[in-house]
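Next up is a structure, given as structure tokens.
By written order: A, B and C. Residues from 1 in each chain.
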Amino acid sequence: MKPHQIQIDEQGRLKHFISIEGLPRDLLIAILDAAQSFAGVGERAIKKLPLLRGKTIATLFFEPSTRTRTTFELAAKRLSADVLNINVQSSATRKGESLLDTLRTLEAMHCDMFVVRHPMSGAAQLIASHVAPHVRVINAGDGRHEHPTQAVLDCFTIRRVKGDLSSLVVAIVGDVLHSRVARSDIHALNILGVGELRVVGPKTLIPPGVEALGVRVFYDLEPGLRDADVVIMLRLQNERMQGTLLPSAHEYFQAYGLTAAKLAVARPDVTVMHPGPINRGVEIDTAVADGPHSVILQQVSHGIAVRMAIMSMAMGSQAAPRRTR
Amino acid sequence: MKPHQIQIDEQGRLKHFISIEGLPRDLLIAILDAAQSFAGVGERAIKKLPLLRGKTIATLFFEPSTRTRTTFELAAKRLSADVLNINVQSSATRKGESLLDTLRTLEAMHCDMFVVRHPMSGAAQLIASHVAPHVRVINAGDGRHEHPTQAVLDCFTIRRVKGDLSSLVVAIVGDVLHSRVARSDIHALNILGVGELRVVGPKTLIPPGVEALGVRVFYDLEPGLRDADVVIMLRLQNERMQGTLLPSAHEYFQAYGLTAAKLAVARPDVTVMHPGPINRGVEIDTAVADGPHSVILQQVSHGIAVRMAIMSMAMGSQAAPRRTR
Amino acid sequence: MKPHQIQIDEQGRLKHFISIEGLPRDLLIAILDAAQSFAGVGERAIKKLPLLRGKTIATLFFEPSTRTRTTFELAAKRLSADVLNINVQSSATRKGESLLDTLRTLEAMHCDMFVVRHPMSGAAQLIASHVAPHVRVINAGDGRHEHPTQAVLDCFTIRRVKGDLSSLVVAIVGDVLHSRVARSDIHALNILGVGELRVVGPKTLIPPGVEALGVRVFYDLEPGLRDADVVIMLRLQNERMQGTLLPSAHEYFQAYGLTAAKLAVARPDVTVMHPGPINRGVEIDTAVADGPHSVILQQVSHGIAVRMAIMSMAMGSQAAPRRTR
């Protein structure tokens, strides 16, 4: 079963949230609209809604990421759910228990939702295809495949800043090859009908044949940024630096690092985005990261609203739970 | 003072929960009955009761066990308590503070209950004998001594599946020598008046003189399983493999691993149990673990109901807390 | 800006809580009075107040301290706040993210308060000077500078036991040089107008010129303790033992360890305090730590009441939060 088939139930409602690829346009827009209604919660004096009271949400992170785990934890707590952070390194998997046994055990504890990050592409879908009918799975990043909640928050941010997407030029810059954020963003922006979508980076970091996804490829930064309305910078993984794919961080910054000078060829009201955490002086200059075009911190805030929307929509389609087996 | 004297107050109510040995039959049945009423909570849409609202429960695990700690944490949260997970490795004990000082400090923070796992037999009782009058202690496993909540959930599961215990043949199979689960199960099943109780395993892993506890000993699997109504498989600790007590995992599985073929000599409606996490292909075959006789996952679900029952009963006998000292 | 300027708003209310130095007397007394009203909460059956419901409090500990973190966490939970424990070792700072970026990110997640412990003196103030207007910062210990909540709980304890401070002789004994507790205590007791304030310890552990803070210096224990109403023992950091500042732990105990015999020169109703965790047989004898003069465990209880008071007062001055940037 393809990811986009498993994540939607017979009534067309969100069941799991595994991938942007194959997500129907109206469902993506429904998520963005729901996130809009949650965006105000973080700014209230009492940041708490009772929507998921009495639900148990387990975060299963097989790759460390304090930032992403924290936003899911906060989103769940603000929806009044009980959150269980499973430290996968120290858990029963170390005692030789299989992943599937761990999942079955958590189900038997009446967990309602798993938020999964895994270094293996396809892990979230694999898990979703094996859970009990009442359990929901949210993909918090699987290998190089997808990071779908990040793509939704990126689209939410663009829509909030720019309004209509159909006339926008969006450039995604950096290590596209290894980036699940880039893959999810490309799918999401295509679904929403963005005007023009570009990927920009050195040949070694652009996936061969990426044009098939409906993007224009630029190997040089300046033409890639020219007249862009939105620039999405990707994080450069430090571990790539040691390999042969890349010159030094310094040389990379010279060629592809975003500075105010280089940004001058974009539209005057260009919006600069980054999924974080940022490497200042590697893929982005401090003056740009903290400058007037940057919406990097808004992205973080929107990430919580978007995750609240996705969690409550997926749980909203939950069948009445039954006894396991 | 014997464990069974410390855990009951003057009115005969549960105060701490340290050991099955010496637990009065009517109190054990009262716990099982209370667990019955909590068993439905996990299947509700809102899995939350206000019974322990405003209480603080600290889990103190001197031995790692994500699974057991998690079930206690979930049980406490579903009773609306505040839970404090004390990571004993990184806490003040590392700064040279004694265990007793750590306990006194947690008491002074107005913790109401300690859930304790410790590699030393007798640790939970030692702690219970030193805490302030309003503090309750639950034994989550102490050395090779007891794991009393596991025994209650095992009995709860058997009672739920089989009804009356007085005519049942129950076989406990594996490393009985090192197993606190086996010890607690033997005591609990005797208290409840099980029909026939057997322990099955290689001579090196059966405690000498165990017959005194009212069990029949079998050194071979087939006679041990014959006509059994319930088979409780024990987890084989990987670390035992390195020693001289055991042949290889492969040889062990040949002799004592539970397969469908071997299970054929038991009653046709035999129930197979395991405290988890299971070692597939070591003490139990996958076909049996996942097969129609297995109730291993129900045990996990019941574990939460049983712990909710024990926590709320112990706290129910709590005297009005007073200022420490 | 001095610490005492940053922590008070235009209306004279507590905004952050960074240092005792420079804290106005009436504000310190207001905190003590508020703590008085919270002191009963820990002894109630339901230890929960809704004052900070819907607020998010992040603990940021760059130095490990289970005890202090736990008291802040309990204080926050008893005020009904959501608590986020950021494990700084494993967080994004390890991926090369700067401290400031971590803070900005937590702000963007709509955290309302940071509780900060850091090995660098001035860290809490630095953070307070950079946060968004609606965010509050509590110093949980910064290098050798201050540990202001400890000083408040010490004063609270003295006031509760002794009443009026103006006629009391208070002796602070031990490693004054490296102690942020000593520094904060000295400032707090001076602000409250204690009768006589002494520091007692070997020359190598008394800061040169400390007399300027209004204290009498004693290099010998007996004259330092003579007629004292209150003795505050400081924790001796084990790591100091390796250096040249100190003789062995045994010799230290002979000269400066508090025993019942040495305490005999103090007032008959002397009160003995220690911030914990205690090193029995190093700076204090077990008979004294557990004896009738000791209020060490009351200090722990008071620590929660004091932190509830400080957190709720600081949050009470919170401006309506706005979108970050």
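The rule we apply is simple: contacts are C-beta pairs under 8 Å (C-beta built on N, C-alpha and C of every residue); 3 or more make two chains touch, one makes a residue touch a chain.
Note that this is a predicted model, so its numbers are computed, not measured.
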Query raised in the report: If you take the chains that touch chain B and keep only those that also touch chain C, what is left?
Result: A
Report summary line: Taking shared numbers over all numbers used, above half giving same and below half different, the chain A and chain C interface sides are different
Report summary line: chain A to chain C, mean C-alpha position gap in Å, rounds to 41
Report summary line: So chain B residues touching two or more other chains come to none
**Report entry** In the complex, chain A residues that touch chain C
**Finding:** 42-48, 64, 66-67, 70-71, 73-74, 77-78, 238, 276-280, 297-301, 303-304
Query raised in the report: Can you list the chain A residues touching chain B in their complex?
Result: 53-56, 82, 84, 86-87, 90-92, 95-98, 101, 104-105, 107-110, 320-325
